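Down below are the structures I want you to see.
Two complexes, one shared chain (chain A), two partners (chain B, chain C).
Up next is the complex of A and B:
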């Protein structure tokens, strides 16, 4: 397997780990940060697949704007998830 | 937010705005364009909201609405420029004026002064997306009163 393929596998595994952390974490702010990291790694994967246009859109919308919206929503409500 | 976050935000927000303007400006040459650059600029607005609180930016709500309308009107007006032939006809391409440089054939590094109405439409879309997403985030920040934590 080439270096390119190894890099893609590592990136995709980290995307899945970030998504699983976003579900598993009880602290909602930490979950949002995990989701942002997953989104940023997904934009890196888009760049590795030679789609830089999609990568810029994913980094702008997925990693920055939705994170800001979630943080504003957490500020208005509770930070800890209820049982 | 704390002093550290506020200081870093003051440094980094102009850089984000400049990068968004770059992505819009080179939309017809490099990856990206109106939507992507507008999203980058809107993320700068979101950063300002998260750091400084929505109360400081509440007065700019109508300005953002006005800019969004202006972007949509500019896009449709630029499309109507070519109505003599067809809707969306690129009347400025190759005319020698603004963005009207004829493109030389073959591989080239990309010339900024080409593309006709495409860069202007990129600016219109970028203005609309930045103001639209910015006002969405601002309204969400203003919704429901105070930031209690």
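Up next is the complex of A and C:
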């Protein structure tokens, strides 16, 4: 496995960890932050696969737009998830 | 070859830093800890993108990092405004 392969494996493991945190955390604001981190690292993975245009789209939608919309939704409803 | 290898090793070290920040994002007691961890991961991702742009030898890749640095700021701004209690 080359060095770039090792980098891709580490990035993908971090993406999966972030997605699992977004599911596991009960605090919805923390879940949104974990989802933003997961989306961020997915953009880095697109970048490592040498697709910079896809990385720009993923960064714009995943990091900025999705986080803003989810936080506005949490603001309008409630923050803690019920059992 | 040597330059590419050193860029790759530096990117691997930055990814190790990202792992530590992800640990803080997982166990952080308050939401402010998690927001700071997310901002740290943002900065590390931008740094890694600039580094890999230098490693691949493409100037256009650095533009992606610039756009990314601009956009990641917006997400952190929204989280901070929510924690402050604003965002009407």
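One rule holds for everything that comes next: the second predicted complex is superposed on the first by the 83 of 83 C-alpha atoms of A that agree within 3 Å, B and C clash if a C-alpha of one lies under 4 Å from a C-alpha of the other, contacts with A are read in each partner's own complex, and residues count from 1 in each chain.
Here, contacts are C-beta pairs under 8 Å (C-beta built on N, C-alpha and C of every residue); 3 or more make two chains touch, one makes a residue touch a chain.
The shown structure was predicted, so the numbers you read here are calculated from the model rather than taken from an experiment.
K.L.:
Just to be sure I read the superposition right, which of the two partners does A:44 touch: chain B = first, chain C = second, or both, or neither?
P.N.:
After superposition on chain A, A:44 lies in contact with chain C alone.
K.L.:
Examine A:11 and indicate which partner it touches, taking first as chain B and second as chain C; both and neither are also allowed.
P.N.:
second
K.L.:
Output check: A:52 vs chain B and chain C. Expected answer is one of first, second, both, neither. What do you get?
P.N.:
Touch partners of A:52: chain B and chain C.
K.L.:
In the overlay, work out which of chain B or chain C sits against more residues of chain A.
P.N.:
Counting contacted residues of chain A, the larger count belongs to C.
K.L.:
Should A:33 be classified as contacting the first partner (chain B), the second (chain C), both, or neither?
P.N.:
second
K.L.:
Considering only touches as defined above, state whether A:21 meets chain B (first), chain C (second), both or neither.
P.N.:
In the superposed model, A:21 contacts chain C only, not chain B.
K.L.:
Counting only touches as set out at the top, which of chain B and chain C does A:64 meet: first, second, both, neither?
P.N.:
Both: A:64 reaches chain B and chain C.
K.L.:
Would you check which partner chain A:73 touches, where first means chain B only, second means chain C only, and both and neither mean what they say?
P.N.:
Touch partner of A:73: chain B, not chain C.
K.L.:
Quick check on the output: what are the common chain A residues between the chain B footprint and the chain C footprint?
P.N.:
Common interface on chain A, chain B vs chain C: 52, 55-56, 60, 64, 68, 71-72, 75.
K.L.:
For the complex, give me every residue of chain C touching chain A.
P.N.:
That would be residues 5, 8-9, 11-12, 15-16, 18-19, 22, 25-26, 28, 31, 34-35, 37-38, 41-42, 45, 48-49, 52, 56, 60-61, 63-64, 67-68, 71-72, 74-75, 78-79, 82, 87 of chain C.
K.L.:
In their complex, what parts of chain A are in touch with chain B?
P.N.:
52-53, 55-57, 60-61, 64-65, 68-69, 71-73, 75-76, 79
K.L.:
Along chain A, where are the residues that touch chain C in the complex?
P.N.:
Listed in rising order, the residues are 3-4, 6-7, 10-11, 14, 17-18, 21, 27, 29-30, 32-34, 36-37, 40-41, 43-44, 47-48, 50, 52, 55-56, 59-60, 63-64, 67-68, 71-72, 74-75.
K.L.:
Across the complex, what residues on chain B touch chain A?
P.N.:
23, 31-33, 35-36, 39-40, 42-43, 46-47, 49-50, 54, 133, 137, 140-141, 143-144, 147-149
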